[in-house]
Amino acid sequence: MPKLPRFLGLGIVLALTLVLLPVVYSNDFALTIMTFANTLAVVAASWDFFTGFTGRFNFGQALFFGVGGYAAGFMNLNLKYGPMLTIPLAGGVAIVVGVAFGYPTLRLKGPYFALATLIFPLIAGDLTFSLSSVFGGEHGLYGLTSISDSYVVQYYGSLILMLATVMVLIYLASSRLGLALESIRDDEKAASATGMNVTKYKLVAYIISAFFTGMAGAYQAQLFKFVGPDTFSSNISFEVIAMTIVGGIATIVGPVLGAYLLVVVLDGLGVSSDISVLTYGVLLMAIVLAFPGGLLGRLKPSLRGMRIRRLVGGKRPGT
Amino acid sequence: MVLPEILVFGGLLGAVYALLSLGFSLSYGVARILNLAHGSFYMIGGYVYYVFLTLSGVNGVGSLLLAVALTFLLGIALYLGLIRPVRSAPVRVLLITLSAAIVAQEVVSLAFGDRGVGAPFIIGGISAPLGVVVENQRILAAGVSLAMFLSVWLLIRTTKLGRAVRAVAQDAEAASLMGINDTRISVITLGLSGATAGLAGALLGPLTGISPDAWLNATVVAFAVVILGGLGSIPGTFLAAFLVSYSQIIVAFEVSSSYEIIVPLAVIAVAVLVRPKGLLGKVEE
Amino acid sequence: MARSAAIAVLVVIVIAAVAGVVSYYYVSTAPASTSTSTSTATSTATSTATSTSTQTVTSTGISTVTSTSIKTVTSTGVQPITFGILGPLTDVTGIDEKEGAQLAVTEINAHGGVLGRPLQLVYEDTQEADPTIPVSTGLAAMNRIVTVDHAQVIIGGERSDVVLAEEQQLPKYKVPFLDTGAADTSLGKQVISNYSLYKYFFMVSPVNSTALATGLISYYGYFHYVEPNLTKVYILAEDIAVWHALVPVLQYYLPTLGFTIVSPGGGADYFPYGSTDFTTQMSNVRSTGAQVICILAAGQDSVQLIQTWANLKVPAIPMGIDVAAESPSFWGQTSGAAKYETIEVGIGDTGTPINTIGANFYQNYSKYYNTLPIYTADGAYESVYIAAQAIEKAGTTNGTVLIPYIEKTNLTGPDGVVTFDRSHNVVYNPDYTKGAALSMVQWTAFNTYTPVWPPTVAKPIALPPWM
Amino acid sequence: MTKKYGGLVALDNLTFKVDQGETVGVIGPNGAGKTTLFDLITGFQHPTSGVVMLDGREITGQSPNQIVQRGMNRTFQTVRPFKDLTVLENVLVGLIQGKGRLTRKGGSAELKDQATELLQLVGLTRAPLSLTRNLSHGELKKLELARALSTFPDVLLVDEVFSGLSAQETQELSDALIRVKASRGLTLLMVEHKVSKVVQMANRMLVLDHGKLLSQGTPQEILSDQKVLEAYLGKG
């Protein structure tokens, strides 16, 4: 048994603290905020899995968040499916949207793709009003069945979703897939010269990212028993970007910590929106200038170590 | 039949869009900078005009000039302070400009509130070209935009500075070998794009009102126009600006106002897919 | 260089964070600030005392303060009863909610409070006035006001999506929610369709959108009698659900009153919520030869709409529902373009009180806050009295027990008589002695609009010179 | 085949074949179209007209990755390493994605052996776990070669491998190439500036000038060819 990578070590400590939180400090408000944080952590981690590893910049993660929410809303209200069913199914719907949107756009060069991702959530947001007979306009969809009225249950639900997401994403990131994606990020042309279908891999990463974000959106919808146009707001996309950059891009765990940091500091303290948004704007700026790796940038090597061990076995070659 | 309306409104709007997008096109075409904070210049320009006109004694024209001057300086500051240190990594440029935009938005809303402000016109009154009633301010906005757009274009086409700019746009390395100072050119480019966007904001702001989050739409419009016209192609930008404005106006008149935002965006999205290099764009590598 | 700059920036963040903490503690210690405002308020209230008989809060009708019955909050050592103000506290709507409630609390505490216990207010900011703020922010604030500040009654609400989401949480919190901002009928439909879950919700003000439509239609009937030649109506509405629900009603009734709807398809011309450019709409209005623009706007977009209308001198008078135009700042926001716009408001918001309670409310409000109250102020003012009465009668603050007592509310306030129907919406009645009444007011000058309907209070309507 | 960019003709119906196991050198002055030729063969660009055949099958218009799967790969004139990956990972990508498609069942052991073998083969002595961005130019060239080989090509196109290398590095790399060719039985097609090297290694040479095939033959024939001397060495 080789020494535990820094990565897993931290991961496990984090996980344990989160699991024990309600036991040691069962404060309703704290639990609520942490539930929000878990949901956003899922979105941030999945944003990181696509953009962090493929280097293609996605400004519209909110698209999947909203899609997941509305999908869950529909199924819950019209088909009477329970949260246990709507949440994964909403992830599926997000995948479909991801393919429909990613397949054509992912061939595009950086700037074009960035523009597309910037535009599509705006369109989706406006559609919820233009087609208010379907999407309910500003009413959104309300009267969803709740996950539970117990803060503890709500919290653990979100925690399970978050931990599952992070574990799956770390598993994938430290696999052949992750390796392929990072090679694409470093040099797309050279990557294709290794025999891989670059677009295919990008699409795979994109829909994985979509899937988890969709589930997060669905979880929030079921939690609030309501989903509205605000889920498409670019605020969410930008906030998620900030969380990831602050935590450390291409580390999966980084974004999660980033999410806790921002959500607890901002929502938790009930700071005025202007101050809070200003804070993460400035934070983002500072990190980008001074610590490109983010606060947990040093996790990157250990994620790599993990991958290399998985690919070529415990004993490191040539050392 | 609303043809005259479409012609007039589309044309007037397009001119301002062209000016708004010009700087975005320049900063990408010349300095290879995708400046997400471009719309912030527009927003700030609008606010500067408002502040000087309503809260201080300065008259309309003066406020307009101040808006241009300040956004010019802001453009330079943005480049030297934030973009230059991370210039080598495009992703970090995207991030830094995004964060700059967010910060600008929140600082402004802390100062003037979320609700946005409307400023008085430079010239009041209305007139009726082709029998379509429009505010003189709107005609002025279009006229000034057109003039500014053309003069910047001429600047780049004819002057020595312009030649340097184009040299950098062609091949930054070669240009620096020819002794052209890349930084100086980038500074000027960003300054210009700040000033032009700021002017657009100061001209259109009084007509549309201006709010702290106006930057996002402005950036999207500029981005869309430039992509549609072809990254780095100024004539393409000019053409695309009118395509966007006309598609918007036509939808508003012939389909429904409630689609006037969605449809143009969708059109652009499709256009990008069908012809990634844009109308007049060179092949993008 | 970049690094040092960034360090500096990080320092700024620390400061920002501190500011955050501070503002948080400010928020959570708000009650203290209330009781201070109480003492000042009491003294002022004394000087404005009108009635001579010592009334108690339990009597229907909001009592006015008598000099003999003043007790300061601090003197009563008992556990205070906590009301939570939940709204956009940095926005005029939220500020007025807060101030209206403070006024009522001051008056009630001056009477010795409720059940011998003083009332105290706590505040949480939902920031919902800013449309880009997600609903989750509001829900976080709601959670804090219940679980941290322990509010026993919630008063507030503004943006209908936020209030809808908040209503969804009520079964969990089991706290009465008195809505003073959102007029959405869906809110009441929830109460009917699932009473046991949503019975905690009450819409105090404004009257729900259906009632608003009814009022608007009756006004149009009156207008047709005053201006028989202005019959071509162009309906210009935000593309949001509440108007989509309301427009068919107008489409049905306006023709029966002798109007013709000239907007596209004989329906409404919907524009995107938050639009900033109205030239196309205005040119349509002109080309259709409309003489009346029926505005339906809940957002700030109407500021731009009205300015474009005035700048282009469109020969049609705007008369409708325009929430932004209800705030005194609207005149300034439109730099005077609001002149001649005619909008529907609660009858308590016309600037001319309809009863002594209204008079008293206006007098004190403008005294303490030297500004005129907007619709959220009298809503919050009434809500505090409604809750106080119910608690007094029920003898408890238990939310579930309170509900039937709130349902039985029959209270005269600045907006008329407040009673609730089975959807827990305040009952509309053209006669303000029988229910919550509405009025149409026309902007005539800075900070002043004049009532043009109902006939009882009406002054003649003025048409723009370019018509 | 022919390649046009708008007006100008980069390659003017060029026709030649390379037999299995050959080492063919392609030389020509700058702008002769050497790199364009490689791009066309390996699918990074597509010919305006004409076809590319690989052991009897047409591969014209196929994407680079498909062509790699068919057993042809190339190195780039300016090296394109995966900068943020380790040396080891750089070769792993190809081993996994390339024609070999290792680790499906072969398992980590084989992958590891293959990787170490490759790095030894090209004589890259760096620790496999060192970050690529820290490598010297010479090492990067070796890595570039190793990465191309990692896809198990039968045909390898090397584009200016020796450019910008010291005499000693050049020697190492050419030895590496020879080793590789021997151990893998490669068909080698090399674009090269350093004519001497080509003469030394190639058993046949092609001379391009302004997109035309000027001449071909054994090194000796080429060096004695008058046309070539004018067009190429003449310009010096």
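A few points about this structure:
Letters A, B, C and D name the chains as they come in the text, with residue numbers starting at 1 for each one.
Everything below uses one rule, namely that a contact is a pair of C-beta atoms (placed from the backbone, for glycine too) under 8 Å apart; a residue touches a chain by one contact, two chains touch by 3 or more.
A quick note: this is a predicted structure, and the numbers were derived from the prediction, not measured.
Chains that count as touching both chain B and chain D, per the definition above, are A. Hopping across touching chains, the smallest step count from chain B to chain C is 1. Closest to the middle of the protein, by Cα centroid, lies chain A. Separating the CA-averaged centres of chain C and chain D is a span of 75 Å. Chain geometry summary: the mean Cα position of chain A and that of chain D are 41 Å apart.
Chain B has its Cα centroid 32 Å from the Cα centroid of chain A. Distance between chain A and chain C, defined via averaged C-alpha coordinates, is recorded as 38 Å. Multi-chain contact residues, meaning those touching two or more other chains, do not occur anywhere in chain D. Shown for chain C are the residues that touch two or more other chains, namely 2, 5, 130, 132, 239, 272. Across the assembly, chain B contributes residues 85-86, 109, 114, 258, 261 that each touch 2 or more other chains. Pairs of chains meeting the touch criterion: A-B, A-C, A-D, B-C. Partner chain A is touched in their complex by these residues of chain B: 28, 34, 82, 85-86, 89-92, 94-96, 98-100, 102-103, 105-107, 109-110, 114, 216, 219-220, 223-224, 227, 231, 258-259, 261-262, 265-266, 268-269, 272-273, 276, 284.
Per the touch definition, chain B reaches chain C in the complex via residues 2, 5, 9, 13, 81, 85-86, 109, 114-118, 120-121, 124, 126, 132-135, 137-138, 207-209, 213-214, 249, 252-253, 256-258, 260-261. Residue ranges on chain A touching chain B, taken from their complex, read 55, 57, 59, 104-105, 108-112, 114-116, 118-120, 122-123, 126-127, 129-130, 234, 238, 241-242, 245, 274-275, 277-278, 280-282, 284-285, 288-289, 292.
Within the complex formed with chain D, the chain A residues making contact are 176, 179-180, 182-183, 185-187, 189-198, 304, 307-308, 310-313, 316-319.
Residues of chain C touching chain B in their complex: 1-2, 5, 91, 129-130, 132, 239, 264, 269-272, 275-277, 279-281, 283-284, 286-287, 300, 303-304, 307-308, 311-313, 333-335.
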